[in-house]
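Lettered A, B, C, D and E in written order, each chain numbered from 1.
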Amino acid sequence: MTTAIAFRQVSRHYGTVRAVDAVDLEIAEGEFFAMLGPSGSGKTTCLRLIAGFERPTAGEVEIFDKPSGAVPPYRRPVNTVFQDYALFPHLNVRDNVAYGLMIAGVARAERHRAAEEALSMVALPGYAARKPAALSGGQRQRVALARALVNKPKVLLLDEPLGALDLKLREQMQVELKSLQRQLGITFVFVTHDQSEALSMADRVAVFNEGQIQQIGCPQDIYDRPNTPFVADFVGSSNVLPPEMVERLTGKRASASLRPEALRLQADGYAAQVIEKAFLGAVTRLTLDIDGQKLAMLLPKGEEVPEKAATVHIGWDEDALHLMEQRDA
Amino acid sequence: MTTAIAFRQVSRHYGTVRAVDAVDLEIAEGEFFAMLGPSGSGKTTCLRLIAGFERPTAGEVEIFDKPSGAVPPYRRPVNTVFQDYALFPHLNVRDNVAYGLMIAGVARAERHRAAEEALSMVALPGYAARKPAALSGGQRQRVALARALVNKPKVLLLDEPLGALDLKLREQMQVELKSLQRQLGITFVFVTHDQSEALSMADRVAVFNEGQIQQIGCPQDIYDRPNTPFVADFVGSSNVLPPEMVERLTGKRASASLRPEALRLQADGYAAQVIEKAFLGAVTRLTLDIDGQKLAMLLPKGEEVPEKAATVHIGWDEDALHLMEQRDA
Amino acid sequence: MHSDRASLGLKIAAAAGLLFMHLPILLIFVYAFTTEDKSYQWPPPGYTLKWFSVTWERPDVWEALSLSLRVAAISTVVALVLGTLCAAAVSRTRFFGREAISLLVILPIALPGIITGISLRSAFNLADIPFSFWTIVLGHATFCVVVVYNNAVARFRRTSGSLVEASMDLGANMFQTFRHVILPNIATALLAGGMLAFALSFDEVIVTTFTAGQQQTLPIWMLEELVRPRQRPVTNVVAMVVVLVTFLPILGAYYLTRGTEMVAGQGK
Amino acid sequence: MPEVAVSSPASRGLSDRLSDLLWSRQGLLILLLILPPALWLGIIYLGALFALLAQSFFSIDPFSGLINYEFTLRTYGELFRAANLDIIVRTVLMAGCVTIAAMIVGFPVAYYAARYARGKWKALFYLGVMLPLWSSYLVKVYSWKLILAKEGILSWLFETLHLSWLLDAYLLLPVVGGNSLSVSWTGTFLVFLYVWLPFMILPTQAALERVPPSMLEASGDLGARPGQTFRHVLLPLALPGIVAGSIFTFSLTLGDYIIPQIVGTSARMIGQAVYQFQGTAGNIPLAAAFAVVPILIMGVYLYIAKRMGAFNAL
Amino acid sequence: EMLTAIGEGEGQLNIVAWPGYIERGETAAEFDWVTGFEEKTSCKVNVKTANTSDEMVALMNEGGFDLVTASGDASLRMVAGKRVQPVNTALIPSWDTLDDRLKEAPWHYVDGTHYGVPYMWGPNVLMYNTEVFSDSAPTSWNVVFEAMNLPDGQPNKGRVQAYDGPIHIADAALYLMAHKPELGITSPYELNQEQYDAALDLLREQRKLVSRYWHDAFIQIDDFKNEGMAASGSWPFQVNLLQGDNAPIASVIPEEGATGWADTTMMHVDARNPNCAYMWMEHTLSSNLMSDLSVWFGANPAVPAACSDGRGMQTAEGCTKNGFDDFDRISFWQTPVSQCESQGECVPYYRWVSDYIGVIGGR
């Protein structure tokens, strides 16, 4: 397995701001890799380091095992789908898509054909003559995608490409992106702050916080076995139990994560008070108070929903309680 | 029960665009009312009609049973939390919040006190002296809320107030808004395109499409008993079965909705092929093909996840299949 | 790419451009100190400070300066009012003739000044209006409107319309909204526009020649003075003092407008 | 909770009532807003312009110099005399050259200021462009006369550098050369360029600042070398600003009569012709007819500029 | 309408004048003939200078002035255009002291009516750089009309100037009168088409020599200092100023003779300050003005006594030097008209205007 992208102790500091801090990372060729993290955690900066818009202040970014230090962006086998799309407003959709080919010197007819093809790949045939201003957000996003894809890059970088879309369109695009990636076999590096997006699409996920990677792993691992309270909390809003409480329950002194959906009503369980409930469609979310500790619980559809302020009894499977190493979040 | 807001056959057309089209609507005093719909469906226009920034081209908007035709915005007992917050950039947080009181001629000391109070209500004490530019998105949103609340309006209009926040913050604000509304007893009219937000927060929901209301009802009704395929599809991405298929299954010829979470693996069920699967954390979403019809299915955590391309057998409870009146979506 | 360094060629070209713009100004400064007063001789035969006191004591300088200041001040005020009104109307609505209005505003500066000047002069003649302070102001305000308009319209476009709505929503009527929201938000744009308008008016010769009659604004005085020199360095002293005196306001306006650009930009 | 009635009949202030009126009649509001500027520009300015143009259809009594108020096209006939056509062609050529040169000289300054200068440097560039704008036009022009004169600073400089032969060789060139720079077309051109340069830089810089950096990154990302990015992305996006600047440089050159009078070959330009016919010759009809020329030229220019979206970048 | 008695002064007086004509000691303290007048009459004098006759006519057409010092090429136009009013000579006590050669000169005396008071006259001299001509004065206008090497061995191309006004065509005609008698020119202001074309041809040749036409006296002074000019038609005024600055400059009236100007103070039909205007006209004749101005400007007074009676700085030799005795060698500026005396049909002035612009433009 070839390594497409590797970070070797890469840092990017702006003055005292450590946007990216001593990151080690390997992304395999053909992988769908997601970078997940809250706003300002350094995800975009990582992408920009790969694309070559920024240079590391320390460490080395390798692209296909070659140090990339002195390689300018226009000579990297990497294309980017920008967060704000960055479509050229003065060119129509076709010329936007064909831009990279024009730069590469491809003949007009040839590159128009390739552009049409890319456009139909993203389900936008017939939009070729429009200017970007006349497109909706979702359409622009797809043009940006086509513009990157048409160059057949070895690595495609996507910076929160679905951030501006509404849920419905987002889900649809998620499916499309995923199947496109499989079909083309291109390495995708995908930045998002939406955990469900990262989990559902990626082969592997890196969770960022404050310029550092908290955990890298497959979605299941990240979700079920978070390394740190930060990951537990950020990915899927797990309940994080404080060490004191865990000590009482298990005897071991460590933080632990407990998924809201792992909780269930259980007559012989711990007593808890319902302080809030919210109907979410497929499930109802209860906020419980158990000895002063707030816990979220998801009640599947079909179960009877307790009244507010009622006392319920809850329990969970032994192995649902996941102990974490102690680390600052 | 007093009617706070009523739309009587209200239309707002822009040239040939029917932004709002013959809408009838009643919102009770003290209600938490959500307007849900895709982009461009006329939600914002409805709010603006209530606030008085737009005038109906036909029909009448009544506010507390009085026609509002000639009443300018500044004389309506209604305040708005804008989608982009619309904080005054030249005023600090305190003066932003106290703006309405200043206009009303409240003395300086008095209005500063009220502003501080409102700020602590939205958990932002100590931010009074900052300019809006120095706040994060979530903080701005809360200032906008405080600015509206401090005037003690009878009706508070909120236009996608949580749209720009990330998931974590959004969930937190949902809970806060909801409890604030209860506490103050103000009528909330809340616009969103996020169905889970509408369902979890509102007493009643109106689903908009192309300027018209498709369905009004409590969240459970909307979710479980959608009137139209549009509602079924838009609210919670229900599977919509075409009339032919429903006829085969039940004998009746009508579209029907079938919730993804209502599907379950069942050895004697219908055979279906897995064409896509996505790990969503708490559940795994399968996309199935059953006789050429795509169905989404949510597999709860714990069940074994079938491989891609495997054949599975599925079934559902009789009453999960909800027949709908035929109407264009 | 903005973090990249500029190429050497660009740096040289930019520096050369700036230098080109400033060497002649330095020359003006140098000649304010020359001892030779009949003609300019390079290099100056000697240096003296006496022209500053000479200038100080010349009543015609003060008269011209005062006229220019008054004309520029009044023209700027008129331009501020008209330009703001126009920008407000154009940016708020799509009404019939909107295009025509924005063209009309641009016209006085897009057409050569001599045409504005001659038109106004012949119109004054036809209408039997004698030349006066006000005829100068009339001409100046006409071409100053566009500067204010451009600044204001850009700011209006950036200040989201929802601010006005928010204000009305919070109970402020139209006038209160203007006073408390619109004005503070466009103030710096108006300041910048006003400064440019003032500068434009203060240095105008071409239109003024036609609308001034017998009065001398500072530039007209300079023209007269340069062509028929009595004490040539005096004009240089005046020019230099004007540059130096305006240095701080320009810098101030720059920092003012720059700071608020960011604040105004937050309205997305 | 203060009880706010939906429509309170309570007595309100005048401003409140006026505000209500304006709110309920948005058309009235717009009318009130637009009326003063429309009156000023529409009546005073356009009125004056038309009054002038109308005079181009009169003629002048050749002996007494008084205007003969009868409709005639004779004045236009005169406009098309070869000598006058020369003036027009000469001026338009000069305006075109000055505009193009201003683009070339001004662009690097604007580009550097917009893209690279930060903090103090940015302020410096701003001052660097604004100060020349604020220093007296006339004094600047005169200082150029000193620079360009035969016994002026430039000659002195060339002489000090032992390069006089270079200057002399240049002055021997036809058209652009002459007895000295200050009586040559080169001199006129240089002074025009100098005086109008800030008017090109300011809008160009503003337009460049509006180009989002991500556009340039996107282009580089798609394989374009910096030069290609400049050609295919930056230039087209900054074009409205450049065109806006060119409106100034072109129009200002077209109408100026002071510079060619002080520095140049004595051959007339449009501004001088208008000035001379109007002022010294008192031939207002011919001056008016001459004035039509720049109006037409600028009309076409503005039309093109508008199509390129330059008005928003002024 | 003509004033019959002089009343109280109106307090001010607006005059359009040639540059250098009305001095109040600003340029040189000793040359002041305004302050005394203002003190005596309380009429404050405002001067608007005009650089060409055309400009004067235009200013007077526009109005707002009381008096103008009009040259012969402007005066008749203003009379014909009814811009100026007849003058009651009886109200000017010093009228009789006027030079007889000027009293009824055709440029202000029309159909038996006086339209002004003669002011000052002088030749358009040939000014030259004494270093270039090594102190041997040029004898002919050919140094500015024909390509040649000047005594310093350098060509005259680029080193000569010509007047930037259509009236300069007359200078060319005057030159032709001497050098191409076959054209039959009798007056340089009355040219038929053929004569006119010949003059224009000469001027087109001259265009190749002239790098810049002079238009403003002070700019010409600058040019002689900074641009290395060798010769040009000029006014004694510039000569005096340049000599005052110790520049190597001298002037001469060449063998062909010279054009010249004879100016008249004329009064606007709508003069708002007629009393002050009459007082000024008397002042021009009776005060130090004529004498000092003739020194200052290098011109000749309209009152011969001013040359010698010591009322100002002028002396008899000074007048002689200024060409007081050359009156007959000077062709005074007149406005060319189509019905001319010497021949049936002449090219009128408005053609001169546009054609001269063409010549300067290289056509």
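Definition applied: a residue touches a chain if its C-beta (ideal position, glycine included) is under 8 Å from a C-beta of that chain, and two chains touch if they have at least 3 such contacts.
Being a predicted model, the structure only gives us computed values, none of them experimental.
Chemist: Show which chains lie in contact with chain C and also with chain E.
Modeler: D
Chemist: By mean C-alpha position, what chain is farthest away from chain A?
Modeler: Chain centre farthest from chain A's centre: E.
Chemist: If you average the CA coordinates per chain, which chain's centre is most distant from that of chain B?
Modeler: Using the mean of the C-alpha atoms as each chain's centre, the farthest one from chain B is E.
Chemist: Which chains are joined by the largest number of contacting C-beta pairs?
Modeler: Highest contact count among chain pairs: C-D.
Chemist: Could you please state the distance in Å, as a whole number, between where the Cα atoms of chain D are centred and where those of chain E are centred?
Modeler: One centre to the other, that is 38 Å.
Chemist: Need the CA-centroid distance for the pair chain C / chain D, whole Å please.
Modeler: 14
Chemist: Can you compute the centre-to-centre distance for chain B and chain C, using the mean CA position of each chain? Integer Å is fine.
Modeler: Whole-Å distance between the two chain centres: 52.
Chemist: Provide the C-alpha centroid distance between chain B and chain E, rounded to the nearest whole angstrom.
Modeler: Result: the chain centres lie 90 Å from each other.
Chemist: Among the residues of chain C, pick out those that touch two or more other chains and give their numbers.
Modeler: Chain C, residues with two or more chain partners: 1, 40, 173, 176.
Chemist: Going by the contact rule already set, what residues in chain A reach two or more other chains?
Modeler: Residues 53.
Chemist: Residues of chain D that contact two or more other chains, please.
Modeler: Counting only residues that touch two or more other chains, chain D contributes 19-20, 23, 146, 151-152, 217, 220, 278.
Chemist: Once bound in the complex, which stretches of chain C touch chain E?
Modeler: 38-40, 125, 130-131, 213-214, 227-230
Chemist: Okay, in this complex, where on chain B does chain D touch?
Modeler: 63-64, 66, 68, 70-77, 104, 152, 154
Chemist: Touching residues of chain A toward chain D in the complex: what are they?
Modeler: Touching chain D: residues 51-53, 72-75, 78-80, 82, 84, 86-90, 99-100, 102-104, 147-148, 151 of chain A.
Chemist: Provide the residue numbers of chain C that touch chain D in the complex, in ascending order.
Modeler: Answer in residue numbers: 1-2, 5-7, 10-11, 13-14, 16-18, 20-22, 24-25, 27-28, 31, 40, 42-43, 81-83, 85-86, 88-89, 92-93, 95, 101-116, 118-123, 126, 138, 141-142, 145-146, 150, 173-176, 199, 203, 205-206, 218-219, 222-223, 226, 235-236, 238-239, 242-243, 246-247, 250-251, 254-255.
Chemist: Considering the complex alone, what residue numbers of chain D touch chain A?
Modeler: Touching chain A from chain D are residues 212, 214-215, 217-225, 228, 232-233, 236-237.
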